[in-house]
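Step one of this worksheet: look at the structure below.
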Amino acid sequence: MIRMGVVGYGYWGPNLVRNFTACADTTVVAVCDSRDAQLNKMSALYPSVKACKEYSCLLEDPSIDAIAIATAVDSHFALALQAIEAGKHIWVEKPFTATVDQGRKLLDEAAKRKLVVHVDHTFLYTAAVRKIRELVESGSLGELYYFDSVRVNLGLFQHDVNVLWDLAVHDLAIMEYILGCSPVEISATGASHVQGQPEDVANMTCFFERGLMAHFHVNWLAPVKIRQTLIGGSKKMIVYDDIVASEKVKVYDKGISVKTTDDIYKLLVQYRSGDVWIPALATTEALLAEAAHFADCVEHGAKPVSGGESGLNVVKILEAATKSLKLRGSPVKIG
Amino acid sequence: MIRMGVVGYGYWGPNLVRNFTACADTTVVAVCDSRDAQLNKMSALYPSVKACKEYSCLLEDPSIDAIAIATAVDSHFALALQAIEAGKHIWVEKPFTATVDQGRKLLDEAAKRKLVVHVDHTFLYTAAVRKIRELVESGSLGELYYFDSVRVNLGLFQHDVNVLWDLAVHDLAIMEYILGCSPVEISATGASHVQGQPEDVANMTCFFERGLMAHFHVNWLAPVKIRQTLIGGSKKMIVYDDIVASEKVKVYDKGISVKTTDDIYKLLVQYRSGDVWIPALATTEALLAEAAHFADCVEHGAKPVSGGESGLNVVKILEAATKSLKLRGSPVKIG
Amino acid sequence: MIRMGVVGYGYWGPNLVRNFTACADTTVVAVCDSRDAQLNKMSALYPSVKACKEYSCLLEDPSIDAIAIATAVDSHFALALQAIEAGKHIWVEKPFTATVDQGRKLLDEAAKRKLVVHVDHTFLYTAAVRKIRELVESGSLGELYYFDSVRVNLGLFQHDVNVLWDLAVHDLAIMEYILGCSPVEISATGASHVQGQPEDVANMTCFFERGLMAHFHVNWLAPVKIRQTLIGGSKKMIVYDDIVASEKVKVYDKGISVKTTDDIYKLLVQYRSGDVWIPALATTEALLAEAAHFADCVEHGAKPVSGGESGLNVVKILEAATKSLKLRGSPVKIG
Amino acid sequence: MIRMGVVGYGYWGPNLVRNFTACADTTVVAVCDSRDAQLNKMSALYPSVKACKEYSCLLEDPSIDAIAIATAVDSHFALALQAIEAGKHIWVEKPFTATVDQGRKLLDEAAKRKLVVHVDHTFLYTAAVRKIRELVESGSLGELYYFDSVRVNLGLFQHDVNVLWDLAVHDLAIMEYILGCSPVEISATGASHVQGQPEDVANMTCFFERGLMAHFHVNWLAPVKIRQTLIGGSKKMIVYDDIVASEKVKVYDKGISVKTTDDIYKLLVQYRSGDVWIPALATTEALLAEAAHFADCVEHGAKPVSGGESGLNVVKILEAATKSLKLRGSPVKIG
């Protein structure tokens, strides 16, 4: 049983407390938030959990094994570093850190102390994404051609980060998890429509070493909610629609085959259009599965599915994309 | 009654002949194609139309008022120039020409002879696109924020042009028509998955002088057919879905309003989510309306909705996009 | 503040306890269930609520104003009667009672004691159904032609009642509420596919005094979930789809107009196909609004939207339908 | 090569002429219609086809092998009988005849002369319906539970027949073809909303000898177009949606399994929810395939897929349904 402290009881914190409570392998000891109103809400639902206004209250409690950080991005680094220095395992909300340097520093410090760094990329624990990874890993899609994602809605404006850090962060984590490889160069474009605010519409292309290309379109100002990813391979193609209640993952036996003809300048491109298959998916709650996985990492040394390294990879891409965005699409290499 | 010659009876030519025949203001005098099989198909359906293998047959027929060119893009320039020099009005399939220079030359030569140059951007004659333009022009969307288009399917590979020239060409013409203004800079990325062939997946951002940004995603290798455009404004937003049989245009009374608070660093972004309105659309065939409009331009000097100038604007964007594509997204100015 | 006792903590009871707790005008004093496991679950979430295995515990508690009955249908009558006799107001799950006679008896006994009888037809408290009623009442649909409902899914088999009592009960309550009038005759058909079990697929037609006709199709064995109602009028028509996350109610400006011609035997039926309008709907939780409304009825004598009379009307239709079902569709009058 | 005469060049006749012309095994010799305007339209498109105002022109032409009858239902019998008496094979539009007696008489007369009687139930020649029949025949659905069909839209009012004869006729033909068995009793209800006109909304239940039940809902006054059929079996279930452009047939590995427990009064109903499979379908035009099949029947004695017998079965059901409709749902046996 892992004993958790949670800092930040705003938008996502309540979901963490609920799931750490529901999970058989974790329990919540204390919650920290600077706002009385938020602490009162928490106490009403969980009278036995300690409510504290000072972060030191979590850091200094020797009964706490791990701290979950659910605050604004720019505070992740300081809070996580203190937790690590206090010998606590950490669970950090996405995006992991505000800069690549911060992420590297946290990984170094945690490694020294053999502490687990877990980044809460919840989508990696959904049945849909797990099934897609399984299909890609098994080779049934053939050679991968593209990963193309759209995530738009009339969304919560963030004042500190652009829309890539808020929305594309999900799809980047999914991409890294499914493809098992990282891009080498990024081109991004975007625009802001509220003076003095970060970009609210953005597009990003990730170039890989081979022909594979990924593209992400995100928008906080869309009238409809779309969460759709197309993954194309030489043998099969996948459409992943996260909006629909069922039939989220469809596998298309479609594609092209290229034949050379006698005349070497004339390629014959043929289309193949076969059956569609919609695999049944388990209906477990992702965050609950993630909590159990985190406990397993802390207690038994399991390798984190969304550990600090993968969280850092996502930050690397977001940092490069933000640079490219300022350069109106000029490509930026990932260091 | 405008008397038409048609050159090219492959994929699109039959639609032209059918509609020029059905239209009360146009008639087809002769069709030219180098392939016997195609001419035979034509003759079986239209026994009274002259079938010719030589283009001169159209050029030299004094009874022909106008020539419609429905051949591969790289032949547009030569065929159109000959037609203009023979004193014929021209109807050219999209994209207008393979280069900006070619397009300029044709416009100059036609202007000297006061001949009509019409580019077949058929979508501009659909009830859906006309309704959207009407809404944008009336100001009911408020200030325009973005134009975002996706056009993907398992498509016909073109061997001579990349997927932008084949698919985005439609959306660019729609964008120019709806917005009434042109972009100043382009960033594009893409990838090819068949060796030696042009890019089959591509993305393009168009920057405008103000905050407006347009984005286009096109793909010849998608397992599903998507033809969707989102247009966001400060007052209203439009979703245009060309796949559905009815309810193609939806107008959302949604958006944000930004208020400054006492603390000037804190903007209050508020969301507005009102009714949706789906205007009834006429069901006339676009190509038939376009044929009548062309006749009106030739006979009565009406200003072409999709004249050579707008066709050239689209080619300018495609040319810049193709340059940017080779530069992995680096922005390219439109001269 | 109305003090509630709740009997039955199985499938629906937990929702009641959660909402009576969340509602500012109600509170839960005690919950009764014969199963220890269920009481333990309740106590874990609501440590301050009394858990009792005996119903008398609720009946004899003078601090309890009203009892909510969330048990199997065939126990509603006995539990409700005891509650009324103990001077408690009642909130009864749907369907109200297993027979018309039981329902009448409860209404009589409650009337004698001036107690509120509320039947939990939750759909009547949704923004979608309220908006539809408002539109129908305002006359904007014109003369009503039909009410046509489909409610199917792979559902929870009930062993004691047929699928009409489980699924059509919702649509009948919605119909009564929207139309404000009751049918006079019923024809129903159905079939059972598990030996010894009630009908799992059924269809029901409700005849009204005028041309209006209502039809209901319900199915526990459907591979997909459909919850769709079409309401046709002479001026406008409504499609209500409860599955979609947004845009649940669409109002179609469609219909026919009938003109007599000189030849009286030749009617000219003309079609009208205008705009579609999707009204914005509030997003409040229906059950919470219903709890507040119940408190208002008990405390201030408000007229129940889903009172015992309307609950009884639904039972009358279900009883007649079950008779017709045994007669393979022969019409049965509502007494 | 079968030489066809076609009588009736209104709504459907042009489709017949086009497909009999396109089919390699049939050709159109002459078309008969009493209206000059219709004959002129035909002649403009098919100058070599004889246009005649008198039916005798078809009957007396010895070069004509078969006559296709595409006129109003109440004229089918007289025209078909004359054709048979003139020794012509017949192709009759649906519904076959206006009464069962008429259909029987035609079958008798045709049998005497060994002439083919083909009823144009076009849906039986679509790839979707053929695939469903194949699946049902192979036993992969298990024991059949229900066939449930909805066919509604804002439709063409027929003045001579009710909406069952116009819309349900399609679904009845599909049902007969797929199930390979006929119902024994019918219950139907309906309503008319235009004075003096036949029912424009109707519902029909077909009872079979076993537990199988079929239901049909049809409506000429619906604001949206729905063409959906659910077919449930003990092993698998099918959803057939004819509106969507692709993915028309979905096969669900869903269902229930029933286990008896020690307590014989307690059945344990378990749900199974597996994968969905969408078979690829050929894209041939149904009417063209049907024309070739008809030629095969006439020339080589192939057994008609939609011969007079199956056409008559459909008329039997429609006749019984119309009786039941007048009796407000009372069941009517099929003689």
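By written order: A, B, C and D. Residues from 1 in each chain.
Convention: a residue touches a chain if its C-beta (ideal position, glycine included) is under 8 Å from a C-beta of that chain, and two chains touch if they have at least 3 such contacts.
Keep in mind it's a predicted model, so treat the numbers as computed, not measured.
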Farthest chain relative to subunit C (centres taken as mean CA coordinates): B
Residue-number overlap at the subunit B/subunit C interface, same or different (half cut): same
Subunit B onto subunit D, rotation angle from CA fit, given as a multiple of 5 degrees: 180
Result of counting contacting C-beta pairs for A-D and A-B, higher pair: A-B
Centroid spacing, where centroids are CA-atom means, of subunit A and subunit B in whole angstrom: 38
Where subunit A and subunit D are represented by their mean Cα positions, the distance between them in whole Å: 53
Contacts with two or more other chains, residues of subunit C listed in rising order: 273
Contacting residues of subunit B [partner subunit C, same complex]: 247, 253, 273-280
Subunit D partner contacts - residues on subunit C that touch it in the complex: 145-146, 148, 150, 152, 154, 157, 159, 185, 187, 189-197, 201, 203, 205, 207, 211-213, 215, 217, 219, 221-224, 230, 232, 234, 237-239, 250, 252, 254-256, 258, 267, 269, 271, 273, 324, 327-331
Complex interface listing, subunit C residues touching subunit A: 47, 225, 243, 245-246
